[in-house]
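Structures follow.
The same chain A turns up in both complexes below, where it pairs with chain B and then with chain C.
== the complex of A and B ==
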């Protein structure tokens, strides 16, 4: 056993002398960076991953929190704003027409004005009272609905504003309130209370819906960020596990051959003979919905690709001398498979994995578009597109188009990276 | 000479071309039939089509008022005996006469259709015995006074007794599809089309169209696109989001009508534990929905106006009971519950849930107008008052079976459903949705929340046995008031349906939501 070891080293020695060793990772990185398109893809992909990972920190809204989204803001076009509820208040103006008087009214903290001073004086000889209401600071800067003055004593009228045609209130301007007269056709001998309803036209802007909102009032930009998160997580996780399973089974098939290989590879053939989407649909119908169920379904439909690729690569590698050497050393089978065979099978598998991540994302989007898989309150990109689909004819393009663009960019970026990796890792294309 | 002749030929050709076009009609509907057997499944999708091939003793007009059908005269001759006189000379599509025997056969077939997902037996359960007096006279003895008999009979199609052993498959294949209605069965291709042709010998006269083609197009957008492209002449269920755009299109005519369908929440109000209710940490708790105050709080937390304005885009009516204003048996004393989130929180706190609890609302995603959106909107509103609500929606093929559930009751805790009153009056929803479930009498068959209230049951029973119309209306209204006070279910809104037709045609809306060529008129 030990007598073979020096032989193995003696093979390696002349190589060390022949060339300055370049670590393979560096060579691959260098090759990769030669294509500007791939670099662009990588940059976009990195950005998307960053956005997805940090979505809870940078998204303007948590689109999955039902208490944060507002139905009142549904289907708003891009660029519209989320407003606070407009300021409104009802002032009770208590007036005793028999005597002169003043009252101070203070407002709550959220009001745009601090206080108002009400003063009145009876006009001698007439059944009338002159009233003045001054706001500090003045109401001029605040945009208001027409002010409504209600509960006038019977038979009285104002010298400002206009009475509603059949209801009891008067519509007045804020500026006129500084000095106006209430005169009555009857004796004004007892105190009365006027009611002034003030309502601002709009509240303060809380946030801007840069990409509009969907049918539930969800901010599209946040929903896309969170959707990317779900899509990428589903794609990467399901691919990782599918790769683990597929790679192991593929190598085992190639390494052992015979009956084991036949069984495994026939299962792979069987699996690949069905359309992926069909198998995934059937699985989800059985499994029910939920993120983990979707991942499980995607793992089940994807492992076969990895198994087939792994087997073909491993078949080639198995015939090489280093494998014979390892076997001659009587190393354990698992050690040979996982320490010797596996690392040499990896490059093509990495390429398949990148492409499969893109496929998994697209498949997940397809499944959600068909309305199965993820819960409706936590939409992924596919579900967002599907939700917006019904609004397309009515011209509300943003609900569908923006998530669609996000999905498209993600998949293109992954494919650009994957394509370049294939070129770089393929020994036949090496110059 | 030659010239004028050719002009004349041309003109004739034009006229013929125009009429041939006008006499065929293609109708796109949102849902497919489950069978062409008229007694298999009591659902609007089936009834609207089989009701063209077969006839009924009495007809319901567009507002669900009764009209003579196969029966020309009817009335009680004793407290529990009704007599019906049949129209003479009515023939089936195969040329045989329709007689009292066929009617008896049809009513006897109804409870015996195997695997029926929703049986018409509710409408025949009250009949004790049918006596054939002569070929054109029938007497029905009922279990006690039964004022609803004519209405109930108006829902059941009459088939020919020539095929006593016909199965549902025979009806689907067309071999047994012998009716006496205005249209004859031509073909049924599941998922593709149902073709009917005119019955020129129909007793009320030959129908307007020679050929009627029903096409199921479940996607709203695709259905609208088919109408815009001229592939179909009439579509049902115009999506609310497209109404504004289509209104501005001169080639399309829209018509709208209030339906008899209430959209509501069934509340699991009897079980000690409810499958989808936990405390905020996910631990099982006693079902809070047993408490009427919690149910009331949920009702108060729902902003019906916002649902109507935002989700339905104004095309719906906020609901406080099971049928909209104007229908028989509707209460005038019930207002739409006011939106009061603070009040709802206070009620929850009083009931012992100051921090709320967690629940899941379930709903279909392909049955009612904007159903999935409504479920989400309600979840949003409940979450705001502290009841953290998740949403799960599914296709109706899965949903309704699970919502109705087995002997243990529904698989869900809070579910969004709708109910159209097949009889056009209040007893239909009250009997099916709110009466204590009783399999023998067929009452409460669809009571998925298992609401049960002795005063309600007693009032409803009294109403069902009251022959006097005004009295019965008052009792139905009273029963509704009891159920709404105890929040037996939570109504949200009444559907308003929109039909689209191509220019030149107009659809007369039906409260039962049916889409039938007999309601299509020239504009």
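== the complex of A and C ==
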């Protein structure tokens, strides 16, 4: 069919340059990495996303599990520790004053001492017993409440410690227990049992509340990790659906024009003329609260931004000659829309999407702060801020401030990435 | 005379800006608001025979691109008939319509925007033939390579994106895309206007080679008289939506009949170094929203008479194969 020599023709062309083919994705990634601020934003964002995704694995506590939360740990300042219940035990010291004897007492495993040796010997000629109680290892390292010795036989007294002014127990020091004497004004002829109550002042440290605890005794760090999870999920999911709806409607408006366009775009105008927070508030007032209802409200509030952007971009792309070429080649409408129009509309939409995710997170936080978003048992960042708000004036800043900082960092990181994406994907700066 | 490949009969294309609600309301209240209508193409007749290269020349905004798009099927004409090989394309349905549409292809002015930046060259070229079942998936590679070679592109570049090519190469890709559906009629809309002069020559030569190899017919739209003179068998001059003169290229350049053609040719830059005084055509091209009465050219014509202001001149044969629309020809 052809008589020209194609090889000769192509060799003779000086216009052809020998550049290596670079896929657009690689080029965009390279451009993106040129800005150190955006890289920082991306790094922070990736970290935040990782933390949010793996929160159940890395969080010190599950803040949604009410059995893990102790009310007595509420409102602890940052750096305070969660303790186990202090060690506590009552020892029965059975003594037969008639003979000399020894008894071994063993303790359970969680006690700071392993065993105690009780030995006693009657003092001849007197109604008295010399008693010794030695702990292995000694109790010296353990901080204890004052020890109480009770159930002394009638009329007897100790040569150590002090008797309570009107009650029956004696308060003694642990060191004195190694050698003391019980003497009685009556005859000591029957076996008796002394009761020694030992109570440690504090338990062992289980975990540190690095960022303090909130009003319910929830670890703030864990709560923030789980809150990020909720906030990001709500933001991303609602944005995704808003984008789908907005993109389709915007492209339909631009592609078909006429009455369809008018109807869609007037709805968009109407939607955008209301303050978003007002619309979301009204919707939640009607729908009630809950994660899926917050998402629904966010989708309804946000789709209009995507629709408007999609339409404007699609109008520009539709005017370009490659769309006419596609028409000339008699391609089907759906093919023209999805293969030619849609991919070329995406870059600005991606930019809008990143910014809108940040907006959605902020809006969800606002709604939760106002108390109509998510349930108290599964707090998002906004709810955490709201929970701590009442404690701000009493100096317990950490309940509100740390979730606020987390929210701030998240939104700034997303915006840094979004800004850079806008620069990178702007076709006027490229090509 | 052979059967014409393309026949236009009184083709008009109007663009109307509809009134919005506020304007409709204002008109109801008595304000003088009217719909804006642009007569981009106004009752154009044209006959193109197979193998011919017809140059369509005119100033910017005279409707030549719109006419080209009507012929290529991008725009539907508001009135009139377009016949491809004797059949009216606007009334064709189904397979015949598809065939006539694919047989008439268009090459665009801007090689930047006429290629989808998201598709690779092989996808751009193979999309339509695949879609219409002209080739199968297994033949794509060979077909793309063959088409690329035909337009003078190295087939090893088929995995590249349009932005990785120069302007001339991109225009070749556009040509390859059009050729891929095996057309026999090609509308070139200012196809070389955006290229460097050296590249222009290469692309023009490519057009001429393709014409010989594939037996193509061209409607070559341009404002560049030099290009048209080099390429065309016949030249059609348009002014403000109407054809003012049609003539074989040599005759037209030797002896232009219509005052507008004369003015155009007089102003065309030449290589001769003699001193020339350029006398530009007076005034601007009138707005197609409010075209002048009578002959559209009369406000700028040095020979205008009262008749020109009142009566629309008809295209009349002034010599064999030559028509011109000027009252001066009536003597």
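The rule we apply is simple: the second predicted complex is superposed on the first by the 407 of 431 C-alpha atoms of A that agree within 3 Å, B and C clash if a C-alpha of one lies under 4 Å from a C-alpha of the other, contacts with A are read in each partner's own complex, and residues count from 1 in each chain.
Following the convention adopted for this analysis, a contact is a pair of C-beta atoms (placed from the backbone, for glycine too) under 8 Å apart; a residue touches a chain by one contact, two chains touch by 3 or more.
The shown structure was predicted, so the numbers you read here are calculated from the model rather than taken from an experiment.
Of the two partner chains placed by the overlay, only chain B lies in contact with A:67; chain C stays clear of it. Using the contact criterion defined above for the overlaid structures, shared-chain residue A:371 touches chain B, although it does not reach chain C.
When the two structures are aligned on the shared chain, A:25 is found in touch with neither chain B nor chain C. When the two complexes are overlaid on their common chain A, residue A:286 makes contact with neither chain B nor chain C. When the two structures are aligned on the shared chain, A:392 is found in touch with chain B, with no touch to chain C.
Between chain B and chain C, the partner in contact with more residues of chain A is C.
Once chain A of one complex is fitted onto chain A of the other, the partner contacts of A:331 are limited to chain C, with no touch recorded for chain B.
Once chain A of one complex is fitted onto chain A of the other, the partner contacts of A:57 are absent, as it touches neither chain B nor chain C.
Put simply, chain B touches chain A in their complex at residues 220-221, 224-225, 239, 241-242, 244-245, 303, 306-307, 310-311, 365, 372-373, 375-377, 379-381, 383-384, 388-393, 395. Contact residues of chain A toward chain C in the complex are 1-4, 6-7, 9-10, 13, 15-17, 19, 21-24, 320-322, 324-332, 335, 339-340, 343-344, 427, 431. If you check the complex, the residues on chain A that touch chain B are 66-67, 69-72, 74-75, 215-217, 289, 371, 375-377, 389-396.
The part of chain C that touches chain A in the complex is made up of residues 69, 72-74, 98, 101-102, 104-106, 108-110, 113-119, 127-128, 131-132, 149-150, 152-154, 157, 159-161, 163-166, 168-169, 174, 177-178, 181, 199, 202, 209, 212-214.
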